[in-house]
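As written, the chain order gives the labels A, B and C, with residue 1 at the start of each chain.
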Amino acid sequence: MKFPKLIACSVLMLPFALFMSCEKKEDKAGESKAASYPRSQTLYLSGSQWGDPNTFNPLVEPWLVAWPANDRFNIMYEPLTAYNSLTGATEPVLGILVSYDVDKVVVDIQPEAKWSDGVPVTSTDVKFIYELGKEFPQAPTNYVGDFVSEIKVDTVDGKERLSFMVNKTGRNNPLVILDQLQAIRIVPAHVFGKYLAENNRDFDAVKKIKCDKDPVVSGPYTLVHYNNERIVLVRRDDYWGNKVMHDGALPAPKYIIHPIYKNNDHFAINLQKGALDASMNYIPRINDKKKDGVSTWYDSPPYFVPGSMHFLYLNTTKAPLNDKKFRRAMAAAIDYTAISRRALSNYTPEMKPGLIMSGGLEKKFYNEEEVNKHSVPLGDKEYAKKVLKDAGYKPFFDEKGSLKFTIGPKGDTLPTLLIKSPSGWSDWEAIVNLVVNQLREVGIDVREGFVDGSQYWPNLPSGEFDMIMRKPPVAVTASLPWNRFNSVMSSRNWRPVGDGNSMNENEGRYNNPQAPDYNKRVDKLLDLIPLIADEDSLKTAYTELNNIFLDDQPVIPVCHLPEEYYQFSTKAWTGWPTEKNPFAPPQLPWVGSGINTLWRLKPVE
Amino acid sequence: MLKKYPTVRYVLLRSIWYFLTFLVALALNFFLPRLGSDPVEIMMAQGSYSSPEIRKQTEENLRKEFGLVVVDKEGNIVRDENGNAVKASKASQLVNYISQVFRGNLGTSFENQKPVAEIIMEALPWTIALQLPTILFGWIFGNVLGALAAYRRGVFDKVIFPLALLMSSIPFFVFGMVLVYFFGVVWDFFPAIGGYASGITPDFSWEFLKSAGYHYILPFLSIFLILAGGQAIGMRSMGIYELGTDYIKYAKWLGLKETRVLTYLFRNAMLPQLTGLALSIGQMVGGALITEMIFSYPGLGLTMLKAVQTNNYPVIQGVTLLITTCVLLANFTVDILIALLDPRVKASLTMDTK
Amino acid sequence: MLKLLKNLIKEPMFVIGIFLFLTTVLAGLLGPSFYIAQPRSEFGYEAPLAPRGIEVDLSKNTLIHWVVHRGDTLYAKETIKRDSLGNMLNSTTPATYWIGTDNLGQDYMALLLRGLQNSLYVGFLAGIIATTIGTLVGLFAGFKGGIIDDILNMFTNLFIVIPSFVVLVLVSTSFPQGRSLTLIAILIGFTTWPWTARSVRAQAASLRGRDHISLARINGASNLQIIFKHILPYLASYVFMVFIMQVASGILSESAISMIGLGPLGEGATSLGVILNTAKNQSAITDGLWWGIFPAAIVITVIVFALYLLNNSMEGVFNPRLRK
């Protein structure tokens, strides 16, 4: 009769277990003694930091640096300008864009700009970061020398005027210099110069400095606290830009917290519960979350503003993928609407063929008549079958109607082509699954080839694939759509499949410069476009390049997705930019000109 | 040697064997991760480079940083006649690795250059916090139930036993998902994820303790109930076995109090259960990987999983080293405990040496 | 033997166990070939369709009620309502999916049967491998004792300390076709045998000193003869029970490995774990799409439960003291 007591005892001991666990957690996070952050003054944003934050040193390789000292975040360290992906304008930050032509890009430094220690931001700071790349090959700006031959400094009306001279003998590409203005964040020369001097100009030693205690920054927020679960920024009330760019107003949130989630579900749960205010990751079925106060840029599909294309890259050196008729048949056979609906929660607008988007800023280069003339009809299975038949491919189906094998024009059985895609990337997995089904229906022998990331990434630049899902690292910047064409079609660095010094653009090895059928025009156009200023000629050049793309179909665009997802909750903060109130582009308030949102948000009382 | 002291001899011999095992495990630990793809290639493929020269330069920097190429005294990369960096041989890396391990240096993570020891120290408390109480309480609760079922039999056994069996057939993570679905999503009783609410600063405040305790309930339950089920089954069989022995029959016949009989029963059925406990505590550091994943508990299991997916050698090695050490220690303890506590084994030791 | 069987049949646990086991195995073996999968759903939205006869209101994340359906036709109201493109997609397509569809519109029943088949395959193959290696190592270590025991013990410990999923990830990168079901089964088998080895070793060691063994030795039987003729038969029932546990653990291991995203890859390589993992990746738990998780979760639990029941009822029969 005594035993139920034992049970009762063990149940009563449960709370003890809880406390034991709490104590353990204490040791770990004991570094912070800051007070809790009141909800009405704190903005929770997430999606750019996934791993443990370790260093906030902006001179370290971007992928090793924690948010917001890496990539394109403008809230601690600022660039010279910001790109507005909605209007295409280059907006002022530390500098103001004055002019842009084939010889030079001219920028004035804002005379009021100051570092957090009171030192003004000057041309010395700009030259410091640009020249770092020339002196140290391990600096993050090591590539600028190919584009900028020198930076000339003048003084005009009391402002410092910088002229970034185009390196005519190098890449001769002013468009990329314009991109660099918003990609390279200026760091305080008086701080990092001192670090270099203290370490006998040993750059690797300087990279070991974490810059996580009272960093000298120029932006509106600075780092106060971080651990493996979150990074906390606090507002700098003496930010120079408040007066110059925001009529003296302060940004609304006193704190910005980036909670670090380990798993995708957490974004959706926390957005719905109002514990997270905005995020930039993929969340399926966003429309269902409206009732919980989660909104997007558009109220109806595609919900987000498209900015980047995801592709099916094809190994154009391998039969039958080296046959452009075969590639065109593939482009025709895929049902893009099904992909959007089934795999992507309708986040893709109606697909138009080619590498130029038919809406938004690229619309001015989109020539519908020419596109229709050169493209295959998308999602037309009968057309695809006809192309295959005319080109001599004979598919054989079993009695149930599923594909057995296909005989090529030379009478050989075609190999089963695998579509590589990293396993666990659920949206791509779904796309591949649908594409395989659709292609097999018209008689193209393909299969899913899901691989681990540790196999996917090395296979990509070395070209070891039949087909592979790929989103090229193309940011939404002033150089679109040129950089998209460049990353898909350029054979400037062409190397054979499997070469150790592998390629980071055109991984499908299209247009081999050594081959007899090399199309010189492609690389020529890619070199020319950055130097064309007049919009009509630009459209002509883009149309020609797009026509070549449509004729040859070296890769297959499968969907147009936003460059960054932008979903927000109105439970704690209102005043987010949307289609109806487009005062800032659809970005989290930390990238590009999306940062302006911070001054417009209002806490919900 | 030491024939007069069989137990000491036994312990010594065991220690030597375990040390040997440790060394072999260390070497395996080093070579296994290197079977996979080159981590530098994985990292390289995710960036973009304006020219092949820049790409090569970046790659060499990474290799130098991770000690994968030969470096001279001034810290410059040694090159062959073609100007390519000379790769460090596996053997020299192994020697370097082992000497560093014995100096307590586990290297730095490829992901963010954080020292591996630091990464482990940050993740370990979460794993221990999640697992240790769960294992202990699950073990106690399960054993009490099991002993009870063995002793009472009848209806009690008929209910408890199949229930325990059913509980232990549910995979941990499935039970976790079901708990999250009902308690976290449908009824919204408990927070489904994380260690504490992200607006709270972790300190000794009541607010934080409350939040942490609240977040702890679901992950705790998801492991506790299943573990208790498994323990109950084991204890029940042992209990029934012991109940059939003569001493218990005798004790009952003597009319000893029920609790008293049960204490004897418990004590004797305990030995195998205790070994089980020691082993599961040893394996605990490996982490309840999927439970940590589902509840986003940032423990060692999650750290390891991420490292494996990116071939982050230093972290994989660091964590497996810790697992290896703990499991071997636990096994060693069990071996010794049995030798000291179990009279039968003790007797056989003495016999062997004759 | 017959008597044992008679005793077993009297055991209700055994009857329930064998019934559940045979049902799942038959469903797994024959299901994929006999069940005619429904074509992909015509509805164009990525949420899985709810099972037939169940209407779900996602806005509350709760099950409202069972819908009375006429004949075989039930219209998937919910999906039509939710088509956010505003197109009334084929509103007359009947929903005949018994347990709904996955996010790509595939018949869940067909997926589940295929997954069950593959999981059973992995479980049995892994179980056979692990039991064979474990029994052999355990027998030799237990019978021989001494230095051989020590070496085998070290070997066993090595396999215990290296986490199996690490080996799995690292090995699978060397297979360009990715991880097949067989590869996963082999790896599970090769990493789970130490437990068998340990328990068989203990049993074999206890037999070592028995009289009939000594007798055989005096009669000049070789070690191998003794092990296989005189020890193994004594342990046969024990090994069989261990095998049942190894199959159960193989099925559980497979689902765990798939849950961390390292499951079988490639054509048709689904499994119960893969189904659960896909559902998890599609936010099925957090979005309240319970039918994405529950069927596969229940099937795994049922097989493992059946195997545990069998094991325990046999233990009761082979070890009479456990019987009432």
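Definition applied: a residue touches a chain if its C-beta (ideal position, glycine included) is under 8 Å from a C-beta of that chain, and two chains touch if they have at least 3 such contacts.
Predicted model, so just to flag it, every value in this text is computed and none were measured.
Trainee: What chain is the most remote from chain C, judged by the mean position of CA atoms in each chain?
Mentor: A
Trainee: Once you count every C-beta pair in contact for both, which comes out on top, B-C or A-B?
Mentor: A-B
Trainee: Compute the distance, rounded to whole Å, between the mean C-alpha positions of chain A and chain C.
Mentor: So the centroids are 41 Å from each other.
Trainee: Roughly how far is chain B from chain C, centre to centre by C-alpha average, rounded to an integer in Å?
Mentor: 23
Trainee: How many angstrom lie between the CA centroids of chain A and chain B, rounded to a whole number?
Mentor: The mean C-alpha positions of chain A and chain B differ by 38 Å.
Trainee: What are the residues of chain B that contact at least two other chains?
Mentor: 36-37, 192, 293-294, 309 - these are the residues of chain B that touch more than one other chain.
Trainee: Send over the residues of chain A in touch with two or more other chains.
Mentor: 265, 269, 452, 454-455
Trainee: Among the residues of chain C, which are close enough to touch at least two other chains?
Mentor: Residue numbers touching two or more other chains: 169, 173, 261, 280, 285-286.
Trainee: Given the complex with chain C, which residues does chain B contribute to the contact?
Mentor: Contacts found on chain B: 13, 17-18, 20-21, 24-25, 28-29, 32-33, 35-37, 153, 162, 165-166, 168-174, 177-178, 180-181, 185-186, 192, 233, 237, 240-241, 244, 286, 289-290, 293-294, 304-305, 308-309, 316, 320, 323-324, 327-328, 331.
Trainee: Where on chain C is chain B touching in the complex?
Mentor: Against chain B, chain C makes touches at 13, 61-62, 150, 153-154, 157-158, 160-163, 165-167, 169-171, 173-174, 248, 252, 255-256, 259-261, 276, 280, 285-286, 288, 290, 293-294, 297, 300-301, 304-305, 307-309, 312, 315, 319, 321-322, 324.
Trainee: Tell me, which parts of chain A touch chain C in their complex?
Mentor: Those in contact with chain C are residues 264-265, 268-269, 283-285, 287-288, 291, 300-301, 337-338, 341-346, 423-424, 426, 429-430, 433-434, 447-452, 454-455.
Trainee: In the complex formed with chain A, which residues of chain C make contact?
Mentor: Interface residues on the chain C side: 44-47, 58-59, 82, 84-86, 103-105, 169, 172-173, 177-178, 261-262, 265-267, 278, 280-283, 285-287.
Trainee: Where on chain B does chain A make contact in their complex?
Mentor: 36-39, 41-52, 54-58, 61, 65, 75, 109, 111-114, 119, 122, 125-126, 128-130, 132-134, 136-137, 140-141, 144-145, 148, 152, 184, 192-204, 207-209, 212-213, 216-217, 220, 258-259, 293-294, 296, 298, 302, 306, 309-311
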